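Dropping the structure in here first, questions after.
A, B and C are the chain letters, set down in written order, and residue numbers restart from 1 in every chain.
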Amino acid sequence: MRTATRTSFRAARASRGRRRAGDGAGARRGALALAVAGALALTAAGCGDSGGDKDKSGDKPAPGRSDLITHTVQLPKLNGQKLKVTAVWTGVEQKSFTKVLDEFAKRTGAEVAYVPSGDDMAAFIGSKVAGGDPPDVAMLQQPGALREFAGKGWLKPLSEEARAQLKKNFPQGWQDLGSADGKQYGVYFKASNKSLVWYNTKIFTAAGVKVPATWPEFLRTAQAVADFGVSPVSVGGADGWTLTDWFENVYLSQAGPEKYDQLAQHKIKWTDPSVKDALTTLGQLFGKKELLAGGQEGALQAQFPTSVTQTFSGGEKAKAAMVFEGDFAAANITAAKAKIGTDAKVFPFPAVGGRPPVVTGGDVGVALKDGQAAQALLTFLASTDAAGIWAREGGFISANKNLDLASYPDDVQRSIAKALVSAGDSFRFDMSDQAPAAFGGKPGQGEWKQLQDFLRNPADVEGTQQRLESDAAKAFKN
Amino acid sequence: MTTATAVPPPPPPDSVVRPAPAPRGKGRGALGTRPWVAACFLLPALALLGALVVYPIGFSVYRSLFDASGHGFVGMDNYQEVFTDARIRTALKNNVIWVVVAPSVATALGLIFAVLTERVRWGTAFKLVVFMPMAISMLAAGIIFRLVYEQNPDRGVANAVWVGIHDTFAAPAPFPGAHPRPTGDLVASGDGAFATKSAARAGSAVALPLVAVKPEDVSGARDAIPARDVAGKVTGTVWMDFSRGGGGTAGKIDEGEKALAGVTVEAVKDGRTVASTTTDPDGTFTLPTVADGARLRLPAANFASAYNGVDWLGPSLVTPSIIGAYIWMWAGFAMVLIAAGLAGVPRELLEAARVDGANEWQVFRRVTVPLLAPVLAVVVVTLMINVLKIFDLVYIIAPGSSLDNANVLALQLYQSSFGTDVNQGVGSAIAVFLLLLVTPVVIVNIRRIRRDRQR
Amino acid sequence: MSLQDTVVRGERSLPARLAARLGAGATRGFLVVVGLFWLMPTVGLLLSSLRDKSDIAASGWWQVFAHPSQLTTESYRTLFANDKVTHSLLTTALITVPATVLVILVGALAGYAFAWLDFPGRDWWFMVVVGLLVVPVQVALIPVAKLFSALGIFESTVGVVLFHTAFGLPFAVFLLRNFFAEIPRELLEAARLDGAGELRLFTRVVLPLGGPAIASLGIFQFLWVWNDMLVALIFADSGNPPITVALQQQVRQFGDNVDILASGAFLSMVVPLAVFFAFQRQFVSGVMAGAVK
């Protein structure tokens, strides 16, 4: 479940970036962080009951019963039409997304096939485009990919109906993220807050540590957990993107949003001192073998789902105490048979500089083929109905401002979603996702690869910077 | 066959091409039919081969001379990129390793198995077991070996065995990872050992607090108790200085803090160990008078991290590991061909050598292997061609973090042809390059047919 | 100096016999160990597929020997509850069977022509076909994708079948031509005298006589196509893919999907293994085609 993660926002597109760079924006970001923190604290206070909501709230229809789900969107009849939809989701996420697609099929009569794209979505789509028959709709993980595909002419602009839904439900910032060259192509169906640290409450209690708010406190907490005898931090380093997310959070908080936007667009080089500071800071964690579950080698072997499950499966006997990642980790936590709100809780990524960072991501639906059916599906994905279906399943956050917060299965997720919606667009989108895919979005290359090498050898800050810069220069072609 | 990558294992090029005696008689025309009849029989095959095999070769050659967009003529630039781009060069280098190592190891194993099974009654059963992996897909084999190579020794059988062997020779430490708090009297003394800064005095109990002991290592331990002061002896306690639910007071044995039993404690004077003991179940230890005035040291053997095995799929070992999976699949192929060859070796020759007093090794080395040379050559060449096209195994087994280190030409071709940063020009150039690599075999084949025909 | 000089000729000494016996024991022991070693990965997959996902995450498959209660068919039930998997097995069969039949049919026609019919440049054509034996499939990916796109059979089972047929043909033609060439000439001429036309001759005499070679070829092609991933990955209908591709789509998060992957992989192996065990003889003779005739 890279899911939401791989998404990113175009938040840093030049114009908006600049606009937001002002003080007001900073304050708003701070406000969001506070909101998240507050909401989470609320949860931490112990009102997290998961699962019960759907049955309790009488007006909340049981999922899967189409006639009970509110119909806020008009969809055409598409009897007999066939649609192919691709996304990277497998496992739990595939199950949830399939529920969304089933509802669409039920309402329109279209036949929808979900195709997991495998690890390398770009290669999958590329091979199908080469044969002239791509999937109808793809859930892209990066705005960088959206721009790249739009530039190649692979994408079809959104229909009027889809745009109307989008306008009705999404703040401007999220709409902009799905556009390229002035045309609206994408619907940010799934969003995520990637500045969260999930922790195992039983281990925290046993080790007698408290939730940290700043980076030094975070390191102290980690050390205390290590002293207790449990690995404090689980890092899913086999998936390079978790490492880019680590870096982005540290960098955003430490270097500030302006630098963040500049680096995202490669206007400053990776050899910049600010990058050095961020890597050095990150090295305070990555460099200490006893702070990482399995040490550096173990971290590099752990894929994201493993990194989450090993933090929560077995309760106090789990292999680690904390795991950093987005809200979507909730699905894996549930899979590890831990209860969100009691066994698993969350705190905002600690502030390295003045303010805690808020990095977001998301998956954007785009049409790769002409046709009423593809547009109808995108319209549906932009609607409150579709968001509600997955929200009920968990592991999903929507930026849809009209989505009833009661749809979320527990208070933790509800609070994360609430913070996201109320923030409008005062945050930064995942940096690596804004970069060309060759740098920010492919296994074994570019930023993913270089940060994995950094995790292997955290002392080599300078070499890492140089390699990052040379890869970036190649990918950005400047 | 079993490989998505290969054409059915190309019949061993050598022998393969030993056509049955060409029908002779009325000219070369076999049955004296009219050419159009032949054309009807040949049409489907030639049409399919022409459209799906021959035309693509021509297209690839042509396409490889153009840039990514397909419009700009770039001459040999794409080929130049194949030899200069860092990632493609890794692929080239790995392909060389593959071509050299995989066929030779598989053939050597096949030879050994074939010779050894020859005189064992249940040899057929053994052959079946070794040959079986050829029937499964590289995808399935890839999933199988993902499980085998799992890094965690609790889950991956390769590391479980490896760690098992390792631990038989070096017993695991009782409290891996444990260490003192940085602020106490115990400090690191190099090589993973910890020693007190101050000298121990007989008659006054010493506290040796440690932290970071894994909960499972002290799950059944007794509570630690302060050691009694014993006149003339150096006593003390080694314990886990961390109370549940909060750290407790550093350096003090708080209620419920666990004793560390079986920890080796040494008394060191002037760099020499003068006495040594291990802690009791309540964490206490007693050293003789000679330890008076010595520094107490807890040697590294107490704390060595558990040996965690080998990082099979890490960047440095990923290619050899995948080659291991390939050999698992294909050693059976070599074995079966060689066994068949072996059956054709005249018994008298072997017997004669034995009667002459040669031992089995000498018979093997001087008689069997030379007689098998042609078969061995066939096997090696067949495997080389097969290995050049390796794709699925690498694609499935290599985790994202070391995919680049495991890169091979066929995989690079796939990535260059599709996906982000597509450059079908480069993809086509790699395809042509692969084709060139197998051409020598084609030429040898054709020559052989020619020769046989002219006989 | 010859070997005779160093070793007593004839009857072996007691130590030599002892050594021979010991050697035989060591050989057996070695083979048993290697055999178990070779079986282990497959057994590991099977046992993993019979354990719960959380058990797989916690410990290795060998733990079932200590805790047999861990055995469960849960993974398989999950797999079958998802009709996609059963469907993908069907798709695999729908690709494999036609591709095998076609390659035999088309290959036999051409093999017969190369063996017994008269046409200009026969040997030359045959060499070209044999030369194509080693062409890597990768060469054809891009051009054939474009070609299939133009024909409207990209993303379809038909395309995959044609692709496999084409790439199976060189081997088929080669194998069958050599086999057919050994049919006694008298047999064919007698049939001809009886008034059989070429087609009749082919179906009534040549094909039946080619049984063994056709069987070998069939097994080969069957296994190759069944086990293929790359070709299907690009040309097959991604919404209704064969089992290899369906599993590949799940490999992304290996640890998370390990239950489906282990059971699915094992399931995908059942048919090829059954074919392998049922037709080992033909399979081996296919492997050795020509080599040791």
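The rule is simple: a residue touches a chain if its C-beta (ideal position, glycine included) is under 8 Å from a C-beta of that chain, and two chains touch if they have at least 3 such contacts.
Predicted, not measured: the structure shown is a model, and the values here were computed from it.
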Pair of chains joined by the greatest number of C-beta pairs in contact: B-C
Maximum centroid distance from chain A, chain identifier (CA atoms): C
Inter-centroid spacing, chain C versus chain A (mean Cα positions, whole Å): 43
Mean-CA-position distance for chain C and chain B (Å): 24
Distance from chain B to chain A - Cα centre to Cα centre, in angstrom: 34
Multi-partner residues of chain C (at least 2 other chains): 57-58, 141-142, 234, 248, 251, 254
Contacts with two or more other chains, residues of chain A listed in rising order: 119, 124, 127, 130, 303
Multi-partner residues of chain B (each touching 2 or more other chains): 399, 414, 417-418, 424
Complex interface listing, chain A residues touching chain C: 1, 82, 84, 86, 88, 90-92, 113, 115-119, 124, 127-128, 130-133, 135, 303-306, 309-310, 313-314, 332, 335-337
Footprint of chain A on chain B - complex, ascending: 87, 151-152, 177-178, 181, 211-218, 240, 242-247, 305, 308, 311, 313-314, 399-405, 407, 414-415, 417-422, 424
Chain B-facing residues of chain A, complex: 119-120, 122-127, 130, 145, 148, 205-208, 224, 226-230, 237-240, 290, 294-295, 297-298, 300-301, 303, 316-317, 436-438, 441-445, 448-449, 452
Of chain C, residues touching chain B in the complex: 2-4, 6-10, 23-24, 27-28, 30-31, 34-35, 38-42, 44-45, 48, 56-62, 105-107, 109-110, 112-113, 115-120, 122-123, 125-127, 129-144, 147, 162-163, 165-171, 173-175, 177-179, 181-182, 185, 188-189, 192, 198, 202, 220-221, 223-224, 226-232, 234, 244, 247-248, 251, 254, 258, 261-262, 265-266, 268-269, 272-273, 275-277, 280, 283-284, 286-293
Residue numbers on chain C that touch chain A, as the complex places them: 54, 57-58, 141-142, 145-146, 148-150, 154-155, 233-235, 238-241, 248-257
